[in-house]
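Below, chain A partners chain B and then partners chain C, in two separate complexes.
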Partner chain A sequence: MELLIRLSLRNLLRQKRRNLLLGSAMAIGVAILVTAGSFSAGISDIMFNRIMRYVTGHVSVRFNERGGVMREIFRDGERARAALQGVPGVEKAEEGVGYFMRAIGNGKSDNIILVGANMSAELSDKERREIEESFRVVEGSWEGARDSKAENPIIISAEKARYLNVTLGDTVRVRFRDMFGQDQAARLTVAGVMRNDNIFMQPVVFLERERAKALLGYRPWETASFSLTLSDPKRGARAVADAIHARLKPGLASMEASVNGRKTALFGVKSDAASREALAARLKLSPAVLEAALRRDGALLDARTARALGVRQGEEFRASWARKFEPGLGETRLKAAAIFSGEGPGGVLVNDGKFYAAYYRDLPAAGAAPAPGWEALLAPEWTLLPRTYTTDDYKKKYQEIARSRGKGTTADVSTMYETASDILKLEGVLNLITLSAVLVLFFIILLGVVNTLRMTIRERTKEIGTVRAIGMRAEDVRNTFLLETFFLTLFSSAAGVALGFLAMSLISVPEFHPQDNPLGMLLVNGRVYFLTTFWNTAGSVLLIMGIALATAWFPARRAAAMSPAQALRHYD
Partner chain B sequence: MNIIEIKNLKKDYPLGKTIVPALRGVDLEVAEGEFMSIIGPSGSGKTTLLNVIGCIDQATAGSVKIAGSEITALDDRAVTDIRLHKIGFIFQTFNLIPVLDVLENIEFPLLLMKRPAAEARKRAEKLAAEVGLSEYVRHRPAELSGGQRQRVAIARALVTGPDIVLADEPTANLDSVTGASILELMREMNEVEKTTFVFSTHDAAVLKYARRIVRIKDGLIEKEPVAA
Partner chain C sequence: MLKLATLLLLCCGPALAADSRVTPILKAIDYNYRLKSDVRADVTMTQQKAGQGTKIIDMAYYRRDADDAFLIAIRAPENEKGNGYLRVGDNFWMYRKNTRTFQHVNRDESIAGTDARGDDFETRKLEELYAPALGTDGKEVFAEETLGKVPVYRFELKAKVSDVDYPRQIYWTRRDNNLLLKQESYSGSGTLMQTAYFLKFTEVEGRFVPVKQLFIDEFEKGNRTIVEISAIVPGKLADSIFTKPYLENLSK
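Take a look at the complex of A and B:
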């Protein structure tokens, strides 16, 4: 083997010009592969780890009340946090608050997106650095935005500040309709101006998260949706999403309430047609009677409950209950629209819309259990949406929810790969470009290697005959040629990798600051961004070497198979 | 004992649609330790005969025994091993490996035999000295004269201690003085190493070095005159 290596290395030096030419072609090929691969990895890193991560997180847990897109609220924050706690692979769960509003500056107005920013002290240095790198504050400071004495201190983008004609210390008034349909107004103070190359970040205005939540009407125990950062999103996202999804399985929504001083249970009745039909059948009521009874404040009671509570048909009554997060009682007015004679779930039944309105406004301190066998027809605590794995299915899911006018809060768990598979498609396109480069290279190398080897073998025919006559085995002759190709590719690849790194560092020297160009997104700190991974580089090298060796195989084998007598008779 | 025994050897070359009969029934016996010459005009079949004896070409018919074993029915690998272990070659055009220096060329067959590098090197140095090239061991073939190259080839042929050395017109590319010295060297080695030498030539002038002469013409051995 050592002998073969020595032979092949020396032979390689023999045709310097020819091998230098082929080697340069391969080196350029490797350089292109490494550069293109790093560029495309860089784009997807920016997309997923620097943009999507702030927009949706690696995994997003989204709550929508009453199918309202803007109404991202979950009433029992503790429950939501508990579902996210201790899921393996989750580094951080951030509550995401974002809201469109109209801002009025000095004589000018424009739309902004108010985003709640986590400015708490618990941020790690790395996280703080990442945020400060992504959103460079050029006037004022992030400290200013943490000032508890200022009135809603904000960080605003330079473009927006210019447009609204405001500078540091100025007041921006905002008007918006909050989650619950109330018109609201507030004053914000400019505490910092940031510069950002990402056009999508230009309308963003940061306000400390708790303040933003209060402004938007969240009560302290309520939360918005969550964005999760994972340690290994590529591999872990789906498993984490599935795990959280399993943990978010809702129970039955019920209240332990009292009516006329007597204890009872309050349930919502599911309003989809199938559930209503099944309920009518089981209660032996005509569907029309049931529908009429469950309209608006209408309550449905079995005869025993009605008697126990002292409620008569057609009578109005109040139900009240102890609240979970505040002292005092929650209360709702109902009307005994129908009293039926058979067995029911027990307690007072109302339509789910009416039920949820009371339930979400004042979550009860205690629930109650229905008679066994009725759960399927009664309203759950929330509606957990099925997992979807493609953007198309995800969109379809939300279209269906909009159509079905669900009454409960929906909870949805999705990964950024699922909601943004479009971006994965972009990555796919980039990979396709790389692949076509590979194909072109493939043919160059194919022709180069085959041609070079054929010339070399023709020139060395007599030598092949000699070493065969002396006693070298055919496979060793073949291996000598393969080794020659191997070393040529190895050295070329090393040169190519170096060339690629040089090219990348040159390309990322100039700084750009495109203001209104979405391509600005693809920059980090104003520079073209490459993400080089070991496997990307090694893969490119292995690919080129694989192609070269595969193409060298056939001529090398043919050379080895020559009859020694024939080879010796060869004259050039 | 006969180191080479050939009976009714025939070799045809296909040439387009016709067949060229290069050997047409050769019978030949060579005893161990002989120093023998095959003489014949160009195209008479010398190279073909040496190639078949040297296991680098296959006979069309007949039997060839080298050191008692039949070689006509062996596969490529077995035949390659016989060439490596039992036969040494010297070529008209020297056929050294241009990227290796003198010592490396000489030790090449030993390394193919997987002999330890140090041992191979020692033996190569000894042979380089025997052929008078001690001062040139680091030269590459291109830096040597024709005679020096053929000396390297002789050393390479002998380095493995083969049973037979086959030399196909070893002096044809050399001037007469150098050619004579090469033949003298071969004869010396034949005496020292007791190796059987068979060399071909078309030049009657070199015959005086041979101990036994076989004449070949049109693919047939002419009847040997009983040695005087």
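Take a look at the complex of A and C:
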């Protein structure tokens, strides 16, 4: 074998110019393949790890109350955090707070997105570096945004600062509707101006997360949605999302309440058509009567409960309950709209809209269990949305939620690969386009390989006859030519990889800062970004070598099949 | 359109005797807010936004309090013509003429591109939403003043629930008949956000309807909205009006 290797290497050097030209063409092909592959991997990396990761996290746990897109709130923060704790593969769970606002600077107004940022010392050096790479502060500093004495210190994009005509130390007044729909106003102080090449990040204004939460009306025990960072998102995201989804299964929402000084329970009645129909049938009421009874403050009581509570038909009454997170009692006013004769769940039934409003406002310290068989008709603590695995299914799920006009909180768990599966498709399409283009290029190059081999074999026919005559086996002749092609491809690929890296380095040198161009989001620190991985590069090289050897196989086999006598008689 | 629903037919009534001086006025407003019958009216909103000129929205409005229903068909401007809104009970739809589709409107969605939201159209009792605000002395913030030359009560309200537009409001109501003449709305941080003036009233079936209202945006100076209501016709409206096909036909 060693002799064959030496022979093939020597043969390569015998036709230097021809092999050099062919090798150069192959090297250029490999360089294009490596560069294009790294570019599309870079786009995917930017989209997932530098945009989606900050927007949704590797895994997102999203809560929405009363169908409000911006009303991302979960009233029992402890419960939500408990569901996230100890899930294998989760490095960090951060609350994501973001809100649209109208901002007024110095004589100018515009819309902004206020984002609550974790500015605590908990951040690792790597996280800090990544944030500083993505959002370069050019005036002021991130430290300034942590100043507890300043009034809501913010980091604002240079473009937005210019538009609002504000600079360091200036005040930006904002108007917004808080988590509960109240019109609010606040003053923000510019503590830093940042640059970001992503046009979609230009409206973003960062404020320390706890201050942002307080502005938006969150109470200390309430939480926003969560963004989770995983140690191995590609492999672990789906399993983590499934595990959290299983942990977020809701129980029944109920309140141990007091009416006229007597204990009872308050339940919400599901408002979907099927549940209402089933309830009407169970209570032997017409659907219209049931709907009328459950409007606004209307409550349904079975006769025994009504008697026990001292409540008569049409009478208004107040229900109160001990609160979970605050001292004092929660209270709601109800009207006994209908008293039915059959068996009830063992308490007062209220429409879910009214029930959830009271329940979420003052979470009860204790719940109550309904009589058996009632649970399916009563409102749960929240609605856990089914898992979806593609962007299309995810969108359909939320369209359905909007249509169904849920009154409670929805909880949804998704990975960034699911909510942005279109990005994965984009990467796949880019790779396919690159591969197709390069395969065409290689088809042309490989015609050259075949042609070169045929010429070489023809030129060396007598030599083949000689070596065969002195005892070289046919397969060794074949292997010599295959090794020649192998080494030519190997050296060309090595040169191609080096050329690709050189090209990527050169392309990454110039800095661009497009102000209003969406393509700016494909830059990192103003430079074109390539992500080269070992397997991407090795795959490209192996692909080329495989194609080259497969192409060389047939001429090499034909050369080996020649009879020594005929080969020796060959005359050009 | 802001406050259109809650103030369209704001009326007054005799003050009721009670310990609180504010609560009877709120009760009177609530009592008179509910219409005796259905109503149809033309509504014109003139919205002036700083640096954006004036936008006039003209619409036909049908209201039936019996089941919290109303229908709005937009007639102007041209790019909004044919669009509409329908609410029956808890269901609130937006109709788009271009696509001929109905979409559910969320409580916090903007209506017709204005600063009015879906929840502005919910009819809820003022007394359930607000309570008299107390001063440092523990007494209601209540005073007798004159607004221009009109003797009025001035009192302050604070929200009882969290999902109202403004957590704090100041009302000026006529002393003789409790008509609301002026209203200041404050944010949680105490910033004056909006001032509303109820400039002109007309009597419909014993109720006073504010047919000209002015809303001044105090936060973004230069923004103001004038709401004018005309051609008010009280009386029973056909059930078929508060349906999707009716809105579709009206939009043709």
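Here, the second predicted complex is superposed on the first by the 572 of 572 C-alpha atoms of A that agree within 3 Å, B and C clash if a C-alpha of one lies under 4 Å from a C-alpha of the other, contacts with A are read in each partner's own complex, and residues count from 1 in each chain.
Here, a residue touches a chain if its C-beta (ideal position, glycine included) is under 8 Å from a C-beta of that chain, and two chains touch if they have at least 3 such contacts.
In this text the structure is predicted, and so the values were computed from the model without any measurement.
Look at chain A after the overlay: chain B and chain C fit there side by side. In the overlay built on the shared chain, the residue A:T171 is in contact with neither chain B nor chain C.
By the touch criterion stated above, A:N49 is placed in contact with neither chain B nor chain C.
In the superposition on chain A, contact is made by A:M472 with chain B only, not with chain C. When the two complexes are overlaid on their common chain A, residue A:Q184 makes contact with chain C while staying clear of chain B.
Rounded to the nearest 10, the angle made at the CA centre of chain A by the CA centres of chain B and chain C in the overlaid structures is 160 degrees. By the touch criterion defined above, A:P564 lies against chain B but remains apart from chain C after alignment on the C-alpha atoms of chain A.
Residue contacts after overlaying the shared chain place A:A402 against chain C, while chain B stays out of touching range.
Judged by the touch definition given at the top, the superposed model places A:E463 against chain B, while chain C stays out of reach.
Annotation: superposed on chain A, chain B and chain C show a minimal Cα-Cα gap of 79 Å. According to the touch criterion, chain A has no shared surface contacted by chain B in one complex and chain C in the other. Residues of chain C that touch chain A in their complex: 50, 89-91, 104, 106-108, 117, 119, 128, 159, 161-167, 185, 187-189, 191, 193-194, 219-220. By the touch criterion given at the top, residues 47, 51, 54, 56-57, 76-77, 80-81, 83-85, 89, 91, 93, 95, 97-100, 104, 108-109, 111-113, 117, 156 of chain B touch chain A in their complex. Taken together, the chain A residues at the contact with chain B in this complex read 2-3, 6-7, 10-11, 13-14, 462-463, 465-474, 476, 563-565, 568-569. Chain A meets chain C in the complex at residues 66-71, 102, 104, 109, 173, 175, 177-178, 180-186, 217, 271, 291, 295, 333, 353, 357, 361, 402-403, 405.
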